[in-house]
């Protein structure tokens, strides 16, 4: 693809083209990071990059660059370098869109593999792919253009909408509802039974888990992640919520729209998460905790009580992020602090 | 099912019926939480619920309620409301039993699916189900009424007892012994090789892992959880121990009876866990640590040395829970503490 | 196997035989720990074992012992006990080698199972095993003597070298390169798409993930672990690096040679890990962090900024291990510290 075509394509996108220079109009074969890019490759510099990244644009071997409009230092350099460039409001979005142009999605129907096993009374839409050795249980529905890779197991009575992408060896339990345009990555488990046991004098009494899991439109679930169904009612993942790998979502959790949960997050049963909440890696959220909209929790945060809308929290138990940073800075001075106190106490006791 | 039938059934159970009112004798179709219950649904209030939950019984649309006998406030309200109710010693157990009545377990033998692949010299009991594309290795035994879902891989020389429920795409390695009435959830891995490597001048030397994993009766293993076999000897999960999703149990661990381990717990090699131990989410236990009976560790606790019977611990490294709560309360005052010390120290130095 | 044979075999190995006593020359049937060993079993005592372990050699029922040369106390006892023994520089390596003798690896080709599904243009080497219901995508290469267990899904365009061992139900995505002598354990996912989403006014814009994952020679990946591919470029796991269960490796991570990562470690996107780095259980490493060679992080450490070569770190945020130990010791005195300060402050204010 010629650089000129990328410029034209980006003008139609969401990245806000501000200016561009088409001088060499190189052929762009692929994309790479600034450090690794070679001739005929395009790269980008994100808004607010650190200085060592910004200086890389002087030495990068990329044949074309996507650059931030809000960075006057970079805009000045751009005028002097010989490679072609585009200056944009959102260079990272431009990079994502450019990858879409260079690598158009290859999802085209492969039909139903002859080794797939389809139960009774299954409704299959138009353009559906079902991979080798995949099992589809009775009374399940699969919407148009959904693509299911090999080795997937879908239990009975599952509702899967249109344009979903379900990767190999994932498992979807009975009663689950997957709306449209979701991605379920390999070895994820949707709708396994919630962990509910009541202590009795004869050991654990199992709480039956007869609820279901619902994934709204555009939800993505990472490899190996698990989303449990509740004893009654629903576990709901809101529209456009993105879940990374090895995340655990307990029974009866609900999340709002547009959340992002990084790898190894764990959310205990009944927690209620608002819209646009961001949870960094290894965060834990306790039973029935309520998290307001737009809350951000930094990595390894442990949240055991409700958090108000818009707060940024850290630590365990979670406290405001700025306070936590100051507390952590003092934590590493604790031996010194303790020493000073002993000294003062001794003097004082004399 | 009529409410009256539920009363009669609960009288036979473990929940301790103290009193009941059959006035409308509604048909009960399903169960729900107090907030979400509608007409023809039954709900419950647990012992020691918070006040906002307790007040819900005044407004709940449920047609019948299971209520705690030890709560005089609730018992008084019960006398005034128009819905039918049962007052019990253990309303949560009653709710679990009621779900059992409303949703009788559907596990009936489906036989051996024609696509299942059964190795040589496999002994299969009466009423066993083996799902589509499941693989059973040579010399394996499967006891009566065990139900194996599609896509499961059982290696050679595995012993599986009676009435086990093994979910889709889980993997059971050679030599494992699963006793009776266990549940292995989807994508769990039983008996993978322990993580044992010895440093040498030529890199890592692998410690062969020729031991086995044993799951005693009534063990449950969550989706995506992994239980490793040791180099020699056994990894043992004690009777009635319940393990949630994405839990890691290292090589040579042993647990006692009736433990519960919440999601994302990690137990390192050789740890010895007593009976009735409760580990909350994301707890970590170090190599060869010994944990006494009835120990409780709150979420994210890191245990690196032995814990005595009956202790409740928190934090990392683990300390008594009550002490940890006080320490954590002071942690967030550290900036203030440090400031006061600087002030005192300055004054003192004058 | 007779004890004498074990002595002869160990002389050829890496464990450094210093002395031995062949008196009874027992038949050795298997190996066990000192506590559990019985007649006709061999056991070992590691260098620098705690005293309670060392005293076990007086009472162990093992018929033969592998003992540490650097332990004069043990060497003295050895002279007095009746069992046969070998004294070595590295008894743990000797134990691993002895297990290799007693349990020679059973990996012999089983050929391609008739239920395996092989795509178009797949190149399969000599002595390859492909298990039941395994799926191999188009244009994939599989080198000599690689053993793939049942239920594995290999996408298109994957390169798998020689002598790899790939366990049941694992998934390898398109473009991945597995070199030689790697082990991929059950339900692991290699090359799933990285977690990359850019916020826009219309919700999350997905960053296409068109990079690949490379596993160098002798890499091992634990059960249920996930290694993501990046948007551009490679995620690389260096030679002889060993990864335990349920570990998450983000997009674009690179690790050096000979690292070891214990269970539930999480490494965020773009982190660069040096050679011989050791990460204990549940460690987290942040985005783009650089970790020098031979760094050791103790369990649950959270690393959010670069760590220099050779450092031993702990805590969150990570600080030098020795400092962290002192800080943690003071953390549990915080209530007392706070009390003393209040007292001093009161006196001071008078």
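Letters A, B and C mark the chains in the order given here, with residues in each chain numbered from 1 onward.
Definition applied: a residue touches a chain if its C-beta (ideal position, glycine included) is under 8 Å from a C-beta of that chain, and two chains touch if they have at least 3 such contacts.
Predicted model only: the values in this text are computed from it and were never measured.
Novice: Using only the C-alpha atoms, find the rotation that maps chain A onto chain C and quote its angle between 0 and 180 degrees, to the nearest 5.
Specialist: 120
Novice: Are the two sides of the chain A and chain B contact the same residues or different ones, given that same means over half of the numbers occur on both copies?
Specialist: On the two sides of the chain B and chain A interface, the residue numbers are mostly different, under half being shared.
Novice: Determine the centre-to-centre distance between chain A and chain B, using the mean Cα coordinates as centres, and give it in whole Å.
Specialist: It comes to 27 Å between the two C-alpha centres.
Novice: What positions in chain B touch 2 or more of the other chains?
Specialist: In chain B, 133, 151, 169, 187, 224, 246, 264, 282, 331, 337, 341, 344 touch at least two other chains.
Novice: In the complex formed with chain A, which residues of chain B make contact?
Specialist: Listed in rising order, the residues of chain B that touch chain A are 14, 30-33, 36, 90, 92-93, 95-97, 99-100, 102-103, 113, 115, 131-133, 149-151, 167-169, 185-187, 218, 222-224, 240, 242, 244-246, 257-258, 260, 262-264, 281-282, 299-300, 328, 331-332, 334-335, 337-338, 341, 344-345, 348.
Novice: Going by the contact rule set out above, which residues of chain A touch chain B in the complex?
Specialist: 117, 133, 135, 151, 153, 155, 169, 171, 173, 187, 189, 192-193, 195-198, 200-208, 210, 224-226, 228, 231-233, 246, 248, 250, 264, 266, 268, 282, 284, 286, 302, 304, 315-317, 319, 323-324, 326-327, 330-331, 333, 337, 340-341, 344, 347
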